[in-house]
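Pasting the structures in now, so scroll down.
Two complexes, one shared chain (subunit A), two partners (subunit B, subunit C).
What follows is the complex of A and B.
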């Protein structure tokens, strides 16, 4: 009886301290993450008036129907999809390649690792400004291309290459982050597996194919998912490149930039929220498809 | 024969690393050199990395003639430092509770943290704006700080860290009559330094470099953070790349310094989820 009250007292105390420890997290994540998700889902079906007093008016599926005939939605989707499809595979392979090289027994690897990480530490605003200047018609990149007799471009003004300029920059800036994640994973592969393979007379590429790659599957899944989520949300670079317009000729218009324009330039918050919901669904779908692909492969 | 081919392989790897290091450094060196060049030299084009006439004029101009640049720097420091300190405290507290304290709802809260972790940030942007607007927090520091006080990713990371934390220390503390809070602040936190250092890098960098939320929350130029200020600069000094590059260098330095200072812990931070490192 006495024992039980002591135990109860202690478990109550544990519960109280548990919740006290969690309070800041519960409050902040609740107000700024969970409530916003609910808001997005609900308000996507409303017309939201932002000027003066904020007011809401139920609109049913109007916001979603409107998307179908909104040409800029399709342009933004196409640009974003193209961006994801090109950037994610290249940055993943580049990250893996760099990590594999840095995982060998060469000297100075910590120095290289620190050096490669520099672009990841730098803000997207600074990177974009530096690259805009390098991409200038008489900038460094064109001087360089010209020096080798290669064609030069008006990187910022030509709709055909503007988005590619952003892709190039972001692959360069993001690959080192994933390289570090790959490096951590590579160090977890037990050395004994390689030794056993050596005794069996396996060639280096066989070791890579049969030991390294299968081991890296979970981390590759993680890297690709993070890559997809990140690239689908491209905004800063497009915004700064085009001064918020998505130009030239909508070439750098991404979904998030379009959402920003509708919400804060056209003050059409309900429609912008519907677009947000659409983006969330697209990201979720792609992630799920990718997950099932990875699962199937591992059954083989 | 084998040794010889292995050696040439090593040289090939070195060459690949050197080329990539070169590609990494070129844009930064080019920007750094431009920040010490005069406008006529920049406008003339060319690819000289060493300024013909080295000048500090660009840095003087942005600090002395551009009244808001110092203010933007101060705003960025204010927001990033506050956000980082609160994250270190709150994420660790939550991670510790999830890993170590038994209470009803623990499991559910952990699942919620995991669920929240995969919500892409951009998706909550507009509701966040509406909520901050209704609080009257637009154009205020708390508008940028409050939504960033905790971070689900690092709550998760701290939980993993505390799961592997030696239990004996806490038991000893309990025998000494310390309660949960005393144990946490006097025994556990001082030993969590590597994890806290890794958090510091990521949280500070994230806050320092954030662009979209400040863009939405801050419309008054006095309240801009550096990334916004740089963007405004770009509009104002379209062709004055010397000023823009000087301002870019200044705004890169603090994040770089934090990274350089905590780099040792950063690698530990990435690897302490398991294995050697």
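What follows is the complex of A and C.
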């Protein structure tokens, strides 16, 4: 009996000291992560007025019903989906390709690694500004296209190509990060497997298809999930491109940009939070679908 | 490592205590904050000088001048919500209705004494900051739009006079559009900025209106379209006008300065900008050509306003009073970035710059102030988005404007 209380005491003491050690992390995470999440979920069902007299008014599902008839939400969703559908596969394949090339014994391997990785460590705001120069009507890209007799575009002003311009930029900037992840994974594949396959007479293509790719599956899952989450949250590039309007003709309007416009331009916090919640649900759903697709074979 | 960390922490602490101490020194002095944007380093330096003079006149008031350059209104609104907004700040007439509606600004009526001579201000500008009889801001300056034309290009095309009517402008634009050997345009007749702040007076030229009495968008009427059609047609059919992104310029001013457009509409800020950035550019100004025999132009104004939650209202008013006094206005008006909002100072603008500024000053009597109730930001976003799509020919102007109006009105309705 006595023994047990002492043990208990010790355990409480341990618990307390444990939590004490964690306090800084808990406080920081609580204030900057958990409290905002709770606020988002709760206030999404409210009509919030913050400027002047602060007021909260329960609105039920009004904010969510409003989304259905808000044309700009659908445009933003469509743009974002198109962006994800094009950028994620290309950047994943490109990353894998680059990693495979760098995994062979080519000359100046480390130099290439650094060169490829540079865009990723550069701030995206700076990259966007550089690309706006490249995309300028009299800029590098158009001169290049013109030199080969290809059609030139008003990359910044034409709604048909504005989003494509951002896609191009983002693929170029994020593929190297995933390349590094692939590269690390490639080096974990045991060499003996390839040797065994060679003895069995497997062609290089078969080796890639039957050894490399299956081994990379968990990494591919990670890369695609991170890619999708990143692309769904596209904001800064389209913000700088269109100086915040999402134009021309809503061509670069993304969901996060729309949320920003409602929250800070129109001060419609409740609706903006409802949109945020919607975006979170979309990302979660897509990730869950992917998990079920990848699950069966990634267990081995 | 440990040592380094502790010494770092120590020096940080030292810095903190030091900064506290320097704050203590000025005990008794009141500190107020003045926030604004900076459109030009010269303008900013001038303001610093005026603030120094103010501090010399009122030794117990210290002014902290803070420049917010990017997304000014977002920052100000967020700070107003967080109750950390500056005591005095710039406010564009276009954003004023929203802040006046939510009563976050201090009404200034009770502060104004007769020596301040409020009647001296241009009445239109004062009215832009009035709501329910309360005055919430003192206009610091304003500018109208005028026609800027490149004298060299005009001489080459053998055009003696700037256009007086919009039809002439379209006619001249054709003559002023020049091609190189490959058939590429290297100079357009007219540079346009397809944004609502520059188009509102065109909407009104044939009797159209931007908003109705309840501040809902109402610009998709045949009258409004008639005016806007002029802009679209010139761009699409004559191909004698261009927007900045067509020629790789960052703004209308940039396009004109580079010689890519021979005419454009712009404001007073352009004149010192050209003198500094394009000193060899030969340009002149004229009144905006008449549309439908009606004179029209836009006017943009900015005021100093006071935060209602300010704790130093008396000092804040003294600052506003000083900054908008006749003497200060005379000094800052001489830089020529904008026109003074006091009529007495406007009249006394010196004569050698007279020819360039005269059309801008003349415009102030018939200009439309860029303001239309608290719904304007929503209307602006939707108009700009659809107008560009009509301009590049994705849809007809009528469809585009109808769509812009419907979307804007639905958003306004739902947010009410």
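Everything below uses one rule, namely that the second predicted complex is superposed on the first by the 275 of 300 C-alpha atoms of A that agree within 3 Å, B and C clash if a C-alpha of one lies under 4 Å from a C-alpha of the other, contacts with A are read in each partner's own complex, and residues count from 1 in each chain.
The rule is short, and it goes like this: a residue touches a chain if its C-beta (ideal position, glycine included) is under 8 Å from a C-beta of that chain, and two chains touch if they have at least 3 such contacts.
Note that the structure is predicted; figures quoted are calculated from it, not measured.
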First, second, both or neither for A:15, with subunit B first and subunit C second: first
Which of the two partners, first being subunit B and second being subunit C, lies in contact with A:285: first, second, both, or neither? neither
When the two structures are overlaid on chain A, which partner does A:51 contact: first (subunit B), second (subunit C), both, or neither? second
Using the touch definition from the top, say if A:268 reaches subunit B (first), subunit C (second), both or neither. second
By residue count, which of the two partners contacts subunit A more extensively, subunit B or subunit C? B
Applying the document's definition of touch, where does A:71 land relative to subunit B and subunit C: first, second, both, or neither? second
Just subunit B (first), just subunit C (second), both, or neither: which does A:156 touch? second
Could you look at A:249 and tell me whether it touches subunit B, subunit C, both or neither (first, second, both, neither)? second
If we overlay the two complexes on their shared chain A, which of subunit B and subunit C does A:131 touch? Say first, second, both or neither. first
So subunit A touches subunit B in one structure and subunit C in the other; where do those two contact lists coincide? 54, 138-139, 264
Provide the residue numbers of subunit B that touch subunit A in the complex, in ascending order. 10, 13-14, 16-17, 20-21, 23-28, 30-31, 34, 45-47, 86, 89-91, 93-94, 96-98, 101-106, 109, 112-113, 116, 118-131, 133-134, 146-147, 149-150, 152, 155, 179-181, 184, 205, 208-209, 211-212, 215-216, 226-228, 230-231, 234-235, 241, 244-245, 248, 251-252, 255-256, 259-260, 263, 267, 270-271, 273-277
Interfacial residue positions of subunit A with respect to subunit B in the complex: 11, 13-15, 17-22, 24-26, 28-29, 31-37, 39-40, 43, 54, 98, 101-102, 104, 106, 110, 112-119, 121-127, 129-134, 138-140, 143-144, 147, 172, 176, 180-181, 183-184, 187-188, 229, 232-233, 235-236, 239-240, 243, 256, 259-260, 263-264, 269, 272-273, 276, 279-280, 283
Touching residues on subunit A, where the partner in the complex is subunit C: 49-54, 66, 69-72, 136-139, 154, 156-159, 244-250, 261, 264-268, 271
Per the contact definition, I'd like the list of subunit C residues that touch subunit A in the complex. 71, 74, 77-78, 80-81, 98-99, 102-104, 243, 245-248, 377-378, 381, 384-386, 388-389, 392, 394, 407, 410-411, 414-415
